[in-house]
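Same chain, two partners: chain A is paired with chain B first, then with chain C.
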Partner chain A sequence: MTDDADADAKGRREPMRDPSYDGAFDAIVVGAGLAGSAAAVTMADEGLDVLVIERGRYPGAKNVFGGVLYTPTLRELVDVTSAPVERYVAEKRFSMLSDDDETAVSLRPGEWHDPPHNDSYTVLRGEFDRWFAEQAVDAGAVLLTETTVTGLVREDDGRIAGVETDRPDGTITADYVVLAEGGNSLVSEGADLRKPERAENVAVGVKEVLEFPERDEVIRDRFRLSNDAGASYHYFGEGAVGDAVGGGFIYTNEDTVSVGLAYRISDAAGSQPKPEQTLNAFKSHPSVAPLLRGARTVEYGAKTIPEGGSESIPKLVHDGAVVVGDAAGLVLNNGVHLEGTNMAVESGHLGGEAIAEAAERGRTDEAAFKSYPERLEASFVVQNLERYGWLMERVEADRDLIFEELPHALADAGAEYFRMDREPKEKHAEEARERLFETVGGLRGAAKLAYRYREVLR
Partner chain B sequence: MSDTATDRESSAAESDDGWTVVVGVKQVPDSDEVGIDPDTGRLDRANAPAVLNAPDRDALEAALSIRDAVGGTVTAVTMGPPTATDVLEEAVAMGCDDAALVTDRAFAGSDTWPTSYALAEAVDHLGADVAVCGEETTDSSTGQVPPGIAAHNGWAQLTYVEDVDPLPEEGRLAARRDVEGGHERIAADLPVVVAVAYGEFEPRPAGLHRKLYAETDFEPLELTADDLGIDADDVGMDASPTQVGGMETVDPVDREKETVETPAELLDALSDEGVIAR
Partner chain C sequence: MSATPNVPNVDAGASSAENETLEDRLYTVRYDDPGESHLDVKVPGICAEGCTTYDCIDVCPANVWREGDDGVPNIAYENCLECGSCRWACPKGNVDWTYPTRGAGVSYKKG
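On to the complex of A and B.
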């Protein structure tokens, strides 16, 4: 072409004929979710050249998630003042559902209204993940979207040295790889970095986002909220997830609500109806339906949640790679807590720091990353997973009692206790107690039950 | 990072063989997200993200397939503000060797007449043997620009092209074009403007390293009115003959949905309505 001279005259760099980025980046992050972006921000801040590869059209485009983001680590990493959050959580409500009863406890501590709002905010991941990835880009990382990582590059000695993608000319090498691909960790499994999770350790999450087309104030009025305050409602019992072990939730966003379920995949695969059907049954429960009246579904998604607890955490470091977030099974899902966002950010950050330290010393062997598993072990992440590990087993053993008999018994006892007739109250209280004891096995049974679950409040 | 990307092929490998193909692309509001403001009747484009005009992907594929067959280079060109660079990056990611942004305040407000004039000068400036365009843009749907480029330069044109067949020995490009009731195959002498039919070419996916390069390190060539020897008075709003008379939202007419059994009954019905005289 005759115009190359022109181009030079304008001070433009000559176009490359066949560009290669092999070795151009220090680290490649697989997945721009919370764990991936946390790792990317951390490494970019440490001066590393970071490439983040995301399969979605934009980060968060494919993320299904219930909706409460926990921010203690996040706000240490990035300036969150401009983060797209929906509402802070001002109320947590736990309720037990039988097929037609509800018994609930609600917590609205005044201090949750004050910043930092107990570090709990409802978010829509399509917006939040995009924003978080932008923070990584602002810190110097390069984000490549619409590209799926399909495998890992290995050196002869087994060291991980890059990734393969679904694009033509799709292999790229780098010294470090961060696996942050989430719970459906096909790359890690394909590379034998972890075994596929056993069905009893995987939950299925289904979620819908609903809007209220008729009126703006519906959410505030129905959930008793003012300004930016929001609510997270948690549900257990057969009215929420039928026979399965798990629970349901409703979270308020700014103009929408997220409604969903999370329960054992082994139950989902067995006698249990399809996740959509279970979700529809939950949405039409007599004490849930009025909250959602007139609402229209604008988004639906389903996803797996690892919940094997501390025992199913795979090896976190390999020569050339670290595994973070849901890809490493770091989710606490036990009925009372459904937390993965804080663990994803914490592990991504610690994994990123370990790589930055290793890079400083010019090392890529797994021993060079050992600060990551060590610090994770000492952090709330592994501590919480260990603390609640026993709970899921216990709940599984007591599932009929907890999910079916107890919700009925509590509702009946309540109805009995407050019954209005011409009998003295003493008689009602006695019948209520009897109804409860009959379910838990008398006073001794109740004491045993309390003892079995004492560690919840330890 | 830019300085650490390496070129696997030295520029010395460049040869004079093959054709110079230039492909015109345009940034348009994402048609999936454009609404019509019911009060003003205008398209609400402000809130729609800007994307590559979908028919231009076919044009890019057609252009790259010509290069695959005869060698040479493909350069994408777009006229627009600096933000239009995004679509050039997409073109380079797909495989274009280079890309040029035709940009100048003087072009602001241009309709299809000065636009095709400026693009005609640009493709000529770039030494095009073949200029490939999409059949139309999703935001204005005139289809006037490709023939406009040909007319300004006095080049041959092939429109509604479904398949291209370069004939380098003859210095001609043959094409199959869609015509009512079938297709025809015709050949044109170079230089030629080709407008490809939408949906006829399967755009190739961008290679990993090219996509990275396009999005991080590539810089387009910038061409101003001055570079193209264009007088500012010949382009822009004042040089645009299009007058928009008005916009109306048309309410659909209710159909009566009557069914007639035979042609004779239809004729009767039409004549009863006074549609035809008998």
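On to the complex of A and C.
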């Protein structure tokens, strides 16, 4: 423990006064993100002694996401009345950007103003994850921060029986391990619990949190919001992410906005500008820049997003361990739905539940955890991933059409349809139709296109 | 050891969104230096002789990976936002990535 004095001198919190964690807990959770804390709350509620290990200085210190937390499972697990949320989502807006056009659709259902607000809230993870981990601690879990799990402890028969850490007495054994380490899953990969994902199936995301120092009402006025209502703007097309497959976003927080984008790592090479420059271009788009006028950057962040879908889900249970959240690739991005937080909480909860049941029977073998994959497959998590499994391949095949030609065609057709001159409207409508048909390949092409993507809205 | 975050100044009256430099952006997050790099290349020879595309440089949102004189990228690890992109971007799987230890590395307040 020689480095304790050193750590204190740096003013850090030193949580490990007593190094006797080894063998003192039933279960160890690797990572205090959404999936990890959901697992910890679940197991602690069932009476297990739970140790949560977080490599950051506090829960959330290493976590970045776009901005919307979906809470249907969360509010079943914990009392969310004191949860630090920013705004509820009262508007979803989808926008296609060419280099200088925008064509958008906006939805503002009245019912989203009523609690529980369609279970959709913008949050800041630095605050939210800390709060969620506190709920696990209140339920009886012990939280150990500034501690990195560097590997797994294995018994002779291969069973996972704890973790190696960068602590002086680094090994901590326990009957159960929950791997909730996030998308950059070095521990799971290092222990051969999953293979490295292909670059086509991982997106790089960059994001800025912006504030408006000029005046307080900017966000409410620009995004047409009342009280604690918020907006979720999604952007597609070359104006958002250049030639890459991906998209941009703006989410309103209480006093800040989150602006960012994500695209596939396999598209990052070659002519695509670097992520930071792609973000600059998006923020400077003529339809985006006025929303951000006068803003200054409070925080810049980056993360990777597993987008391999259901086929990329690794084996979820092993003797002594379960894999949950981003570490298990549980993120849905089908262009219209961008979800991960709800899937993290659901999987963490189901994983924790399976361990509690196995503990009840005194078992640690993977068959004892099988309720976890079974319930996950029956849940919205895997059902949704399977439903949209076909999408990314098709989008890849149609990428030029979807991300470049269609945004232009829609904008041109719109300009034509509403053109004000002395020609009759019949002529404008015809030219608008022609402009669209030229891009999609006539009526037949349009029908084929609609058919190819019918499952998105079905 | 820890850098104090510094909120960069931008002209509040600017007519459109102002984009800060990467340096100013990186100042917005706290960074504790672990003392040694958590990033490396596994086999330098693979970069020097087998790589022409340097996807690590193209994908990095924080300018960690930079062109090196001998064909092996220089690694400004203290810029790292710990997204992990370089790990997947390298077509040779030649990026050696470990988590910074004991709470070091980047700390996000907002995330």
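In this text, the second predicted complex is superposed on the first by the 437 of 458 C-alpha atoms of A that agree within 3 Å, B and C clash if a C-alpha of one lies under 4 Å from a C-alpha of the other, contacts with A are read in each partner's own complex, and residues count from 1 in each chain.
Please note the rule applied: a residue touches a chain if its C-beta (ideal position, glycine included) is under 8 Å from a C-beta of that chain, and two chains touch if they have at least 3 such contacts.
Because the structure is a prediction, the values reported are computed rather than measured.
A.B. asks: Let me test your reading of the model: by the given contact rule, A:116 touches which partner, first (chain B), second (chain C), both or neither?
C.D. replies: Neither partner.
A.B. asks: In the overlaid three-chain picture, which partner chain does A:168 touch, first (chain B) or second (chain C), both, or neither?
C.D. replies: A:168 sits against chain B, while chain C stays out of touch.
A.B. asks: Based on the superposed arrangement, let me know which partner A:147 touches: chain B (first), chain C (second), both, or neither?
C.D. replies: Both: A:147 reaches chain B and chain C.
A.B. asks: Taking the superposition on A as described, I'd like to know which of chain B and chain C A:304 touches: first, second, both or neither.
C.D. replies: Second partner only, chain C.
A.B. asks: Any idea whether chain B or chain C touches more of chain A?
C.D. replies: C
A.B. asks: Using the superposition on chain A described above, determine whether A:295 touches chain B (first), chain C (second), both, or neither.
C.D. replies: In the superposed model, A:295 contacts chain C only, not chain B.
A.B. asks: Can A:25 be said to touch chain B (first), chain C (second), both, or neither?
C.D. replies: First partner only, chain B.
A.B. asks: Give one of first, second, both or neither to describe whether A:186 is in contact with chain B, with chain C, with both, or with none.
C.D. replies: In the superposed model, A:186 contacts chain C only, not chain B.
A.B. asks: Thinking of the overlay built on chain A, is A:441 touched by chain B (first), by chain C (second), by both, or by neither?
C.D. replies: It touches nothing on chain B or chain C.
A.B. asks: By the touch definition above, which chain A residues appear in both interfaces, chain B in one complex and chain C in the other?
C.D. replies: 3, 7, 10, 12, 147
A.B. asks: Help me check something: in the complex, which residues belonging to chain C touch chain A?
C.D. replies: Touching chain A: residues 1-2, 7-10, 12-20, 22, 24-26, 28-29, 32, 53, 55, 58-63, 81-85, 87-89, 91, 93, 97-103, 105-111 of chain C.
A.B. asks: What residues on chain A touch chain C, complex-wise?
C.D. replies: Contacts found on chain A: 3, 7, 10, 12, 55-58, 60-65, 124-127, 129, 145-148, 150, 166, 183-184, 186, 196-199, 202, 204-206, 208-209, 213-214, 256, 258, 265, 268-270, 272, 274-276, 279-280, 283-284, 288-304.
A.B. asks: So in the complex, the part of chain B that touches chain A is made up of which residues?
C.D. replies: Within the complex, chain B touches chain A at residues 1, 4-11, 13-14, 20, 73, 75, 92, 97-98, 125-127, 204-213, 215-219, 221-222, 227.
A.B. asks: Applying the document's contact rule, which stretches of chain A touch chain B when the two form their complex?
C.D. replies: Contacts found on chain A: 1-3, 6-7, 10, 12-25, 49, 51, 142, 144, 147, 165, 167-172.
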